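If you scroll down you'll find the structure; I have some questions about it.
The letters A, B and C name the chains in turn, as written, and every chain counts its residues from 1.
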């Protein structure tokens, strides 16, 4: 996909290192306007570094990045008026109330809560009952909503959210992503990094980063469909022993827990899944797991990512 | 006295002034079970765990962990359990080896045991090459796995894990869970809290705390069947949004009265 | 509401809500001045005096009476011979002794030199020399008022300690103490404030905003100027009320100089914390960077004139040195700006330099 000039983000060959550690090893990608773009990947993979560069907080050693058509290094003051950023951890003032935090960030951007009220209403309405509560006393989900509100109050054209839902409970996460969907619908470009695969599914496109590189970038559906080996789901009463047994089956490529099943990936790419299913049932029965139910499974984004990330050093996978 | 129950909780309650954080919970965990202790932030999970690990005295009710009463024998409880939380696990400015030695010392292990067990642990995790690196130089996923192993160093009978895989990638999370399974297979009882609903499925049984009480408890399969949902995620959402007036408050973005009284992250 | 005003208001919230900080800022300086002031006084009181008067006469009695009246001495023994003194001094029962020659008054009346031996216990040299000088002063006071003897020429040495006639050491110390306390508190406060933002992660959010570094720094320094001003007023109050240090010059001048001095210290605190993100490191840096130089090189305790010249040269860059000079001049000598324009200019330049340096040191990104 070639970048078009109207893209919200254009990164070309970004490189960044911290001492001996290479954080970004040459990253190139682009994000069109009004896209909800997800970034997933292991910790230390470079996600935060990338977001900080795009938010004008860090300078890359090599390569360029343009946000909203502006260079992140040269035009940082103009960009800082037009982007919104949520850092990876809670970045608000714990001893100030919800209202005071919001009012402060509005002032810093030269506006007021009253002026932007209609713009932030969807989120602020959820916060308003607690507007006099100290930020430190809010629950995790509320804190993140407040941080989002503060990042939005100056009507940015693009949002960079670095792991905004880590450590937040499932209900609040859903509510948060509903808000993101609303924002995207109103034309906002959003880049989000997340460790949750179900959130990756809600993005227009997802990128997988590991070791400072892009391993994959496409729509969630395409990524899921790019899974290139037979995948089966095994349901068994005694999960762990079944898992260990499966690891010893002759053509196994990988076995891992997956929700309420175990996912088994066969090494033989061309073999039809149904045939493998029958084989596997017999194998498990011979090991004493006659109750196991084996059937072909549809690969998900998570399966693809696991396949692409490969096993980091020191895994006991087969 | 406890038979094969590693954790036995009867009507455990904890009040803070007028506010009830935990309102009489009852459940048990069998030896070698992997028990998922779920709930939204502020539902009372952390308070409950603090009581079970001997850090907080109950207001009323009883709980027995590893055969000791948490109110009367808190010190014995602490000696027989392991604990790991995502907020604090290892000292970042000490090396891997130093951390292991430190915890070994805290739990009164003999030097020889510390040496043997740490060698085995490092081999298991394939971290021998990093044994003399500072913990802060090691990626998060490794740190979590190491912290878990260190929590098991003194071979406790029960181990409490508080959001141990927070923020960690899918592969490392699974590796972590294999460590959990390993431990459980060896007879260690594991009580774990998590926000990853797929990890809930990995547990033998789970409980979901809502507003200080247990809203649902059972095996994942049972609960999905009883509540007629296809995933634990949906179950969670349904439970955390009860019907009635509190649902209305929720739908308009507010929090229920309970949450209003308590909406701090009590962890 | 402008960005800067928003910043100032936020900082005020922080100051007011962190009750411990508030107490430290307002109560601590006052407390320190009191404690230090009383502890460091090198005045000597209740000097234990032994008197050897073999033949008490009108003169010896008059002299002894004077000693009593001086309020500094305390008679502990009256003996007719010198021998017991040895034991009294050894035991520490006496710190000083007055030994009259036999026939003191008679010899004086005849114009012959009369011997009066003043013995001071100099194992504590400070006390020793003070006892000696007190005693000498009492004698001279007597000599001045005694009827001149026939034909004798009396030389009355006039030893007066200018501006500190009673030799109360508070007058010398308290201005220095003010500088000491003000500089520590000021640099600590800004150092803590800036690194607290770094530690909580809020600095990252501030950096991504349109706020320029100078705005952030002004937003941090300005509120503490107000707080520092309250401290200045506090310590001046203490100096006047508790230690009775005079204020012979203009109060407004002193307050203005105090504010300039605080500005210097606040900027120093920012500079120290611009490069570190740990509160502890910043606090240590602030303490060491202000406490030691102020204690040793400002003329606070140790006079500058008696230091070797390399140290005197270094003291030129210690802000407290200039403020101590200013404070002593204004309070004890009563001079005005005409005499003090030079130290004032030095302080203003220091403030400017430090503020500029800290703005430069303050990165507009997470790294540079």
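Brief remarks follow.
Simple rule for what comes next: contacts are C-beta pairs under 8 Å (C-beta built on N, C-alpha and C of every residue); 3 or more make two chains touch, one makes a residue touch a chain.
On a predicted model such as this, the values are computed, not experimentally measured, just so you know.
When chain centres are set by their Cα atoms, the one at the greatest distance from subunit A is C.
No other pair of chains shares as many C-beta contacts as A-B. Taking each chain's centre as the mean of its C-alpha atoms, subunit A lies 25 Å from subunit B.
With centres set at the average Cα position, the gap from subunit A to subunit C is 61 Å. Interface residues of subunit A, counted against subunit C in their complex, comprise 52, 55-59, 76-77, 80-81, 83, 85, 87, 89-96, 100, 103-110, 112, 150. Within the complex formed with subunit A, the subunit C residues making contact are 1-3, 5-7, 9-10, 13-14, 17-18, 200-202, 204-212, 364-368. Those residues of subunit A whose C-beta lies close enough to touch subunit B in the complex are 40-45, 125-127, 129-130, 133, 136-143, 163, 166-174, 195-198, 239-241, 243, 256-260, 302, 305-306, 309, 311-316. Those residues of subunit B whose C-beta lies close enough to touch subunit A in the complex are 39-42, 86, 125-127, 139-141, 163, 166-172, 174-175, 177-178, 181-182, 184-185, 195-198, 201-202, 220-221, 231, 233, 236-237, 240-241, 252-255, 259-260, 263-265.
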